[in-house]
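Heads up, there are several structures right after this.
Next, two complexes with chain A in common: one pairs it with chain B, the other with chain C.
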Partner chain A sequence: MTQQQTAGPPSAGHADLAEEFLDRQTPLSRIRNILHRYPALSPALVLLIAVVVFGLLNDRFLRVENLSLITQQVSVVGTLAIAQTLIILTAGIDLSVGAVMILSSMVVAQLAVNNGLPAPVALLAGLIVGLAAGAVNGFLVTRFRLPPFIVTLGTLNIFIALTLLYSNGATVRGSAMPGLLTWTGTTFPVGGVRISTGVVVMLLLYIAIAFILGKTAWGRHVYAVGDDKEAARLAGIAVNKVLMSVYLAAGAVLAIGAWIQIGRTNAASPNAGVDLNLDSITAVVIGGTSLFGGRGSVWGTLLGALIVGVFRNGLSLAGLDVLYQTLAVGVLIILAVSIDQWIRKVKS
Partner chain B sequence: MLSSKAPRSMATRLFAAGAVLTLGAVSLSACGGSSSGPSASGGSGDEKVGVSLIVKTTTNPFFVSMQDGAKKAAETDGVDLKLAAGKADGDEETQIQAIENAISKGDKGILITPNGPSVVDALKKAKDAGLFVIALDTPPDPADAADITFATDNFAAGELIGKWTASQLGGKKATIALLDLFDDKIVSVDYNRDQGFLTGLGIDTADKKKNGDEAKTGKYTGGKGGEYEIVGSQASGGNEDGGRTAMETLLAKNPNVNVVYTINEPAAAGAFEALKSAGKEKDVLVVSVDGGCTGVNNVKSGVIGATAQQYPIKMAELGVKAIVDLAKTGNKPANSAGLDFYNTGVELVTDKPADGIKSITTTAASDICWGK
Partner chain C sequence: MTMTEPAASHTATREPILKARNLVKTFGRVVGLDGVSLDLYPGEVLAIIGDNGAGKSTLIKCLTGAEVPDSGELFVSGKPVHFKRPQDARAHGIETVYQNLAVSPALDVASNLFLGREERIPGPVGKLFRVLDTKGMRRKAKEELTRLGISTLQDVTVPVENLSGGQRQAVAVARAAAFGSKVVVLDEPTAALGVRESNQVLQLVRDLRDRGLPVILISHNMPHVFDVADRIHIQRLGKCAATITPQSHNMTDAVAIMTGAATA
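Right after this comes the complex of A and B.
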């Protein structure tokens, strides 16, 4: 069978061409080619199936209030996952995203409540904290050529310690904060459903980052650096500058995440975000972005975050123990990475 | 060609199989979950009272016992019980999501051991949506975020072991080591047990909500009365490792320690190891609070002299029953007299009973201990 197929195009002398030709023959490889071209397609299908299945399991699941609730529940991790996507696209990883967000949120809350600074100034200070944290990570990755995993493992601990030192472990309540800080937690009605402002802020961020990654030279450079650093350098891309800017951009996104977090819990708590770093990586991976860099999209990440949210909420409504929810997420991660590996074989 | 293709199609087949298996497993376990519970009929048919139990973590036998107690009560009362837990101690976000999901589900009530102050906002939403909120073991901060708290009277628990210690001393000088929970944050269970213990022993605690502000030397009035010296208060973290380190530190300060108060039984076990390696385990009174099965066994074997037993299983059972009662009769549970919470009881467990102090034996305590 196979013999005949290879014999089909005798003119195709090059092995790769033959391979590619072969791939087109079977339906599975055709699917693989489509998935390779549209990385967000497989998470979109998983999300669709999950929503249908959970809708059948519990009639409360598909109520609009519940669907709106799921978007609120993923708004923080979804925002952090944008920063994580940027860094993973460069073949890096950021274990400090949650810690940076918490540090930024504590600075914003304390400055506004304990030091009486105006809300916009406090938010700006939070943004500066995010940028500074990004700069530290970026500096260590580019100048000292340390692996991002190690750098951010170190800064994760540093930022956690700084947060606890700065806050004395105390939670700042939303009721004491100026309205602007908890604005992201307010909701507004859209045709009977209440939509959270924080969710809208997150979606705007997705649109902005998707546009920048897809339509600007900087975006293409990010993908090029992630795909093959050496090739990017030879093509005249200032690799270190691109990497540094990615860490800075991630820091800015995390500061906005801090704002969304304050609104969501109506408090700034130094104990929040126990493992948001891993949750954000989960969203990115399930969203089809390759951990090896250079392939993926923020839209996939949004789908990934929604899939995790839908699974947790759906399994919970179906009455499943929290441990099975965690188990299901674990299975999803391994499936997603396996699918990524399989799709990547198109290239090799 | 053939050989290079074969493994790949194998891999794809494995994938498809994996994907199908997962979906199957998830939907199967989802069905299994709902049909094995009391709510086999799901949302349709007669409405069962929905209750969500949200504990701090599932890594602590105390909370696992709570879940067991709730499950048992749910079975007898025909309650649709959903369980949730934080991923780690202090994980507020997962608890917030569980509270929101309980509202979404249409539950009648929530039982929660809050992981921190951030859950308060979500609890308020739950109350606004008409759910009855009962805090178990730990009151939320502020306490009125819950409709009522079902908890151990930790001050009374400390008092019991303090009184017992005084009677065992028989007028001897007490050289006291205090193994508390934390030194970097203030939590009510920490000062209530510590200050309760000192009060039971007959030592003036100054501020009842502050550990370590009492006079370091003086006279205790409990039992026959006598002189005392407090070597120090040390944080143990409530675990074996921390308990051992804290005990070692205090023994280094003063090797004549003969009374050791511990925040809980794991800390007591750690302290005992330190005492043993210093060759001092014979003449020291170690007292604790908790009443877990491991701790009760340690009382039996003489590692711990006496412990005050608390009842997480009962807390959860009472919680479930209270919500069922409320749904069926409209009766709300009320606080115990003189307290700002509902006292779920505490018993002194020791095999060396003291005159005038009510206690139960380790054999009796083993029957009702938690964390079997």
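Right after this comes the complex of A and C.
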């Protein structure tokens, strides 16, 4: 910004001086500007510090097996958080992500095991469930103009009820499923470390969504809609179409999350993952994506999910009670949002 | 103040770029527009003034597709048109800068200029993966800003929220004037700006006019209107009370017509 000011017309010297006075940079404001420009920087620093500290506290922490375990532990939440990021970028919020994922996983498991459908067909049905759930959320948000919070609070309960009705509350064990369904739970060795297939699927999703958000017109429209809906509409963007497509994309991501969940837990359980809704929001917020929309990235979300995973794992290795993990996550959320608010104060 | 001949003299001979006839728009029992006609000629600045509730905004919205008039006709370059959405007006080269500054703060200048009409990289990769041509759009954004004579925006990669009010307005005006538009509509472009920034925007309006682009300017600010306008359309109670020029009337006359204390 300083360069711009000095590049201004020389005739308006006084006004420029005044503006430079207002813009005068302190070391703190310089840090703030850098964080503003690169929103994934602060979660990256937090993750780095956390890894170093937990590594010093317990030498088991930095072992590759443990680090591999952390990535497996975050693979489900990490995937749900991709869907959550998409929706939060549009200034929405999705409380139903966990419920949609569980519903999709139950449909996949039941169709494959109880109805004997081939595994690819069952997975396709799961994808359709995810898309349909996204369509319901998107339809209510765009057509009835209901706040996403209320819509997804309602559908959260509806999807939980549907899941329990459909499954009669019964868990389907992984041993009964065709191999393709639990494929995401298998591991393969890479130079002595066992890497989970589910983690790879999650990372591929991150790469795909990051590419779409960063490099395509659709991605830019998602940011524009979240930034200022009215401005986007006036710029000729079909806001409702963009919102609808975001909810559909989120539904598809959740269906893939369901697949990863089946592999990770080696089961499809209707009672699993009710708290995954809030965990996904936590990952997004800690990852530096603004709850007010239009700002953030999926890479930040991945970092956010890893931070939560690292804290939980590190604190339990340090021998602390599980309640302290929860407490630490709470503190992290508030810190992350405070930093976001502070960063947003850049020249406004 | 105008270097050109008085606009009134060529209105009889030239074909208006934008022509509206008997526009009517009601909102329930409220009459927003009560049979308004308007002509916009090439290379002129037409100001629209009027008291609150006189129908300025409704008139503009009908001209730019944001509202659909109940009845009346619109012509662009002599051809009848019907705008159902702002995109329809855009497709006919009518670009609008709204009062609330329709720019996306978190996106950079180039992204804002191309918002809603992004370009992909040429070739199969761009088609298949729909990859945006970020570099190309930045280059074209710079060229377009230079062509429009907007010098306040040096760096097209800065997020718009880091710009001053005048610079943001310049982004919005540039977006409206760029890429072969025929008419630029500015709704209260100086309302939120300081003196120096207002002057920059008014200069921008003159520059656009001098490049042959007709401008419709809605403003409450009489000195600004009399400074840049070639003709002034005065709305009163949903009707056009008069169309005057800065040469034929002074500001006091205009205010008198606006409030109904006098007629043209």
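We adopt the following convention: the second predicted complex is superposed on the first by the 323 of 348 C-alpha atoms of A that agree within 3 Å, B and C clash if a C-alpha of one lies under 4 Å from a C-alpha of the other, contacts with A are read in each partner's own complex, and residues count from 1 in each chain.
Convention: a contact is a pair of C-beta atoms (placed from the backbone, for glycine too) under 8 Å apart; a residue touches a chain by one contact, two chains touch by 3 or more.
What you are looking at is a predicted structure, and each value in this text was computed from that prediction instead of being measured.
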TODO: Could you let me know whether more residues of chain A are touched by chain B or by chain C?
DONE: B
Task: Contacts of A:Asp228 with chain B and chain C, given as first, second, both or neither - done: second
Task: Which of chain B and chain C A:Arg220 touches, first, second, both or neither - done: second
Open item on the list: If we overlay the two complexes on their shared chain A, which of chain B and chain C does A:Ser316 touch? Say first, second, both or neither.
Closed with: first
- [ ] Once the structures are superposed on A, label A:Leu291 by its partner contacts, choosing first (chain B), second (chain C), both or neither.
- [x] neither
TODO: Go through the superposed model and pick first if A:Val53 touches only chain B, second if only chain C, both, or neither.
DONE: first
TODO: Quick one: classify A:Asn266 as touching chain B (first), chain C (second), both or neither.
DONE: first
Open item on the list: By the touch definition at the top of the document, which applies to A:Gly236: first (chain B), second (chain C), both, or neither?
Closed with: second
- [ ] Please identify the positions on chain A that touch both chain B and chain C, taking each partner from its own complex.
- [x] 3
Task: chain C-touching residues of chain A, taken from the complex the two chains share - done: 1, 3-4, 7-9, 12, 15, 19, 211, 215-218, 220-221, 223-224, 227-228, 230-237, 294-295, 346-348
Open item on the list: Using the touch definition from the top, list the residues of chain B that touch chain A in their complex.
Closed with: 1-2, 5, 8-9, 11-12, 15, 18-19, 22-23, 25-27, 29-31, 33-34, 37, 39, 42-43, 58, 80, 82-88, 90-94, 96-98, 100-101, 104-106, 115-118, 120-122, 184-185
- [ ] Write out the stretch or stretches of chain C touching chain A in their complex.
- [x] 86-87, 90, 96, 98, 100-107, 111-112, 115-118, 120, 129-132, 134, 151-152, 154-155, 158, 161-162, 164, 175, 196
- [ ] Report the residues of chain A in contact with chain B in the complex, numbered from low to high.
- [x] 2-3, 6, 18, 22, 26, 28, 49, 53, 57-60, 63, 65-66, 69, 72-73, 76, 169, 171, 173-174, 264-267, 269, 271-276, 312-313, 315-324, 326, 328, 331-332, 335, 338-339, 342, 345
